[in-house]
Amino acid sequence: MLVGSRSDLELAEKVRERLTEFRVPCDVQVASAHRNPDKVDRIVRDPETDVFVAMAGLSAALPGVVAARTLKPVIGVPLYRGLGLDSLLSVVQMPPGIPVAAVGLDAAENAALLATEMLALKYPKLNSALEKYRARWREEPSAGGGPAP
Amino acid sequence: MLVGSRSDLELAEKVRERLTEFRVPCDVQVASAHRNPDKVDRIVRDPETDVFVAMAGLSAALPGVVAARTLKPVIGVPLYRGLGLDSLLSVVQMPPGIPVAAVGLDAAENAALLATEMLALKYPKLNSALEKYRARWREEPSAGGGPAP
Amino acid sequence: MLVGSRSDLELAEKVRERLTEFRVPCDVQVASAHRNPDKVDRIVRDPETDVFVAMAGLSAALPGVVAARTLKPVIGVPLYRGLGLDSLLSVVQMPPGIPVAAVGLDAAENAALLATEMLALKYPKLNSALEKYRARWREEPSAGGGPAP
Amino acid sequence: MLVGSRSDLELAEKVRERLTEFRVPCDVQVASAHRNPDKVDRIVRDPETDVFVAMAGLSAALPGVVAARTLKPVIGVPLYRGLGLDSLLSVVQMPPGIPVAAVGLDAAENAALLATEMLALKYPKLNSALEKYRARWREEPSAGGGPAP
Amino acid sequence: MLVGSRSDLELAEKVRERLTEFRVPCDVQVASAHRNPDKVDRIVRDPETDVFVAMAGLSAALPGVVAARTLKPVIGVPLYRGLGLDSLLSVVQMPPGIPVAAVGLDAAENAALLATEMLALKYPKLNSALEKYRARWREEPSAGGGPAP
Amino acid sequence: MLVGSRSDLELAEKVRERLTEFRVPCDVQVASAHRNPDKVDRIVRDPETDVFVAMAGLSAALPGVVAARTLKPVIGVPLYRGLGLDSLLSVVQMPPGIPVAAVGLDAAENAALLATEMLALKYPKLNSALEKYRARWREEPSAGGGPAP
Amino acid sequence: MLVGSRSDLELAEKVRERLTEFRVPCDVQVASAHRNPDKVDRIVRDPETDVFVAMAGLSAALPGVVAARTLKPVIGVPLYRGLGLDSLLSVVQMPPGIPVAAVGLDAAENAALLATEMLALKYPKLNSALEKYRARWREEPSAGGGPAP
Amino acid sequence: MLVGSRSDLELAEKVRERLTEFRVPCDVQVASAHRNPDKVDRIVRDPETDVFVAMAGLSAALPGVVAARTLKPVIGVPLYRGLGLDSLLSVVQMPPGIPVAAVGLDAAENAALLATEMLALKYPKLNSALEKYRARWREEPSAGGGPAP
């Protein structure tokens, strides 16, 4: 998982917590599309990674830059910094050829779930964790979040 | 793949063409979240499907309805009908717990690519098709589309 | 009346208070379009209910899901969570065939009034309560609310 | 039914056709909130009318003006003229005390259906027409419209 | 000067202060386009008033309603309540035939100045007050306001 | 009356026609805030002019530049060129101290009417022309325009 | 000068024409931020180039990618493809550290002028060309363009 | 550097600090496009200035007014005051002929960097300061800012 700036780590932490609950190993790296293109390159070329999650605000180029360097699925999380619409449109309106799977503004929870759903295609044993999550989720109409562990 | 209305079939056809080029079997069904919830249900419960693509315009509920009924990844394609922003926001701003992988407005090409990237996690032989596609794509900076076959 | 999440109960309470003042019996249920489709189904099929009020934020699918399952009028209240425009457009821009009667962002007061106006078509004795409300309302140009009881 | 300007009659005609199919008597009148407030007043005070439909573009004041003069339900149809967002926000963001039931931009079909649903509370025999409509509608996922008669 | 609701009086007070500084007599009335159309009517028909200032939020109908009832100039002040864009578009996008002179969101200062500029056409002695104001204003690049008295 | 570019003359012509009908003498000048500040200056300093109308698109600075150079009322007409919202916000969101009376996008008719209403404060005989206009206007709910002469 | 796709060449041609008129040597290259990052790299590292112009639509990442790889000034031209707002916000809302000099949507003329103004800091003889341009421009208030040669 | 109002000085101070770090002499002046056109004129005509930075909120005319009076590059910084979109669109959507180099909302850091990049074309010794800045910047993915000195 990549975040563009240290200030975005808190939200990345939420993604990691959920993934850890699902026993999905995950690694959080701070690397900006613009600042550290080589670091992004190195991370993206890691053959062990199955799915990337990239978070960025403003003109959020990171998800697209990752998507252009890999053929693994890339999940883009627009962060609500300036107008909100700016990062949302930057992440979702990608040109044809480099797909990004956009989730909502600051949508850490959904990024983790979507990543796990993708991984479950390859690692079917993740399905039972997803099923348990969804079962609890259906029972607990809590405020804007998933179930407590 | 689900589209909400027959008028959206043309764009679905583009997704199918690209998927067929990748030899990804795919099935296009017209079924609206609102009109045919039971049909949606039946389609969604098909255990053979690995990834869903759902396209809809206006207040585009179809991707979310599909996502709430499956734990497979769901790709949402907002269609440019009314204001554009309406379907885009409806598809991308999902509440926590039911992730939708949103692509851009009318982004058939990217929906097909993203689906194939997800499937390649499970069926690694798809990777070579993706690699060929990307190689051609890098060489042909054509207008808003992928390479000719 | 349905709200999509427990965090929306406060606004639902405002609707209920106004309806109770009008002696309109009403029931508040937390049931999300996505989380508990069966619960939504069960609630919607209750033959005793004349009018539904559904409140939801973000990509607010609940009003449309209710509207697709009933032929009773459905009032949709978009909640101001993310951008504001997201839930507003999701509630109001419904595809043809499943009408939702949208009120403004967080417009609990107007949802209650609109519901009562609809019910007064069937139960004419509600008219005098509405008339009293409006008479008081005309006299009290208070800030963003109806008259005190 | 009121439309603000003669140029809006075509859309009003669509509402009338659908209502006539349901055997709901309806009367189309051109009367602007601003141009003919007295005419609006006269129309609104007709005790025979159970539900009002008001259509207007730009800064669409007609639905609100009607709603402030009656306690019958008022359905507001924002027309797509200038920016689209202008009439949509004008119709839906009503101040508390005068509810308008907003449907989508140019949503003639849904305005007619919503009116019929409201009237069916009083005239239960309309229910069978609504049920037939919905049954046909479920079967025919045609483009952005209801079933052919 | 008319404001739609008591909660808007504070901003109206700012307009009044500036007008009083210019020795322009002015009267603040709370009267909503929807709540008290007759009161609005009565106020608007006062032959002594040369210019009207109308302030309202959300779907801000008051300026248009006043403009339709008088041939005096009407200044509309959209108030920043819900989205901001809602009242701004409601005030500025008037249909042809009933002009409203829109100023910016919450722009009390400019409403007072514009009113005085209009009145100075009839009462030329106001020009020297305006000139003094502008002279001081040019010298004091203070934050978002006019000169101190 | 000032327009920022020759391409805007058509709309200015509409304003002139209406003003001529009212026997309001008017002069159309092409002078951009940016291109010909001295020409704007010269025009603005003409002591014979009572009211200015300034039309411009995109980042529409002309109305504000005129308003800063005169104490006569300035009517700003945002032109629908790029996004629409750009010129509308540029004209209406003026900083405090330099009021612009904004009308809607491309609202030539309302600009002429507003100018005449202002002038009628000084030249009361214009009132009968305005009254005749409004009387005809009330009778002819034609599409988006005033009465035929 | 870089454009992201062959379909954008027409607008790039306009920039080139204007630059050629100023005798500013310029080179147009099609290279997408995502498609050909190495080609972008190679172009950006050319020590002969003083100023870069990068044009792109949708989620327009090219200007930012160029800006992150050079310390020369980078002019970004957002292209009006999807919503308009998407590329405009992507180009202008850059994160701190990598400045892009954004011009308006499709603003080829201004991109060429801005580039020439920057170059004139280094090559003062360009000033006379700019002065001639501006002199002609002041005299010819033609529609949305600069003077004929 | 020009700011439109004293309340904007804080952000101008940030630009100055960064420029001072680069040893770029800079002068901050408060002068509004509307308030003090003559002062703006005088400042703009200073032959010693190589690059202008102009900051303004709301309908942000200052950058354009400066750009129309000079052939030096002008950097425009839209300030986040009202809606945000208002100043952003006012600064970036300039008519052809007067280019403004727009940076993002409140983007003081990028304005300073862009100015320095332009100046480095003329004063190549600035390049090493820029290089040092960028090197540090790459190493410190800090939150929304450049490196500490």
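When the chains are written out, they are named A, B, C, D, E, F, G and H in that same order, and each has its own residue count from 1.
As a working rule, contacts are C-beta pairs under 8 Å (C-beta built on N, C-alpha and C of every residue); 3 or more make two chains touch, one makes a residue touch a chain.
Owing to the predicted nature of the structure, the values given are computational and were not obtained by experimental measurement.
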Which of these, B-D, E-F or B-C, makes the same contacts as B-G in over half of the contact pairs? B-D
Pair joined by more contacting C-beta pairs (B-C or D-F): B-C
Separation of mean Cα positions, subunit E and subunit C [Å, integer]: 35
Rounded Å distance between subunit A and subunit F, as computed from the means of their C-alpha atoms: 51
When the C-alpha atoms of subunit A and subunit B are each averaged to a single point, how far apart are the two points in Å? 19
Which residues does subunit A have that touch at least 2 chains other than itself? 4-5, 32, 35, 58-59, 82-83, 85, 92-95, 97-98, 104-105, 137, 144
So the touching chain pairs work out to A-B, A-C, A-G, A-H, B-C, B-D, B-G, C-D, C-E, D-E, D-F, E-F, E-H, F-G, F-H, G-H
Okay, in this complex, where on subunit A does subunit C touch? 80, 84-85, 104-105, 137-138, 141-144
Please give the residue numbers of subunit F that touch subunit E in the complex, ascending. 50-51, 71-73, 75, 88, 92-105, 107, 109-111, 113-114, 117-122, 127, 130-131, 134, 137, 144-146
Subunit G touches which residues of subunit A in the complex? 4-5, 32-35, 37, 56-59, 61, 64-65, 67-69, 82-83, 85-87, 89-95, 97-98
Going by the contact rule set out above, which residues of subunit H touch subunit E in the complex? 4-7, 30-32, 35-36, 58-59, 81-83
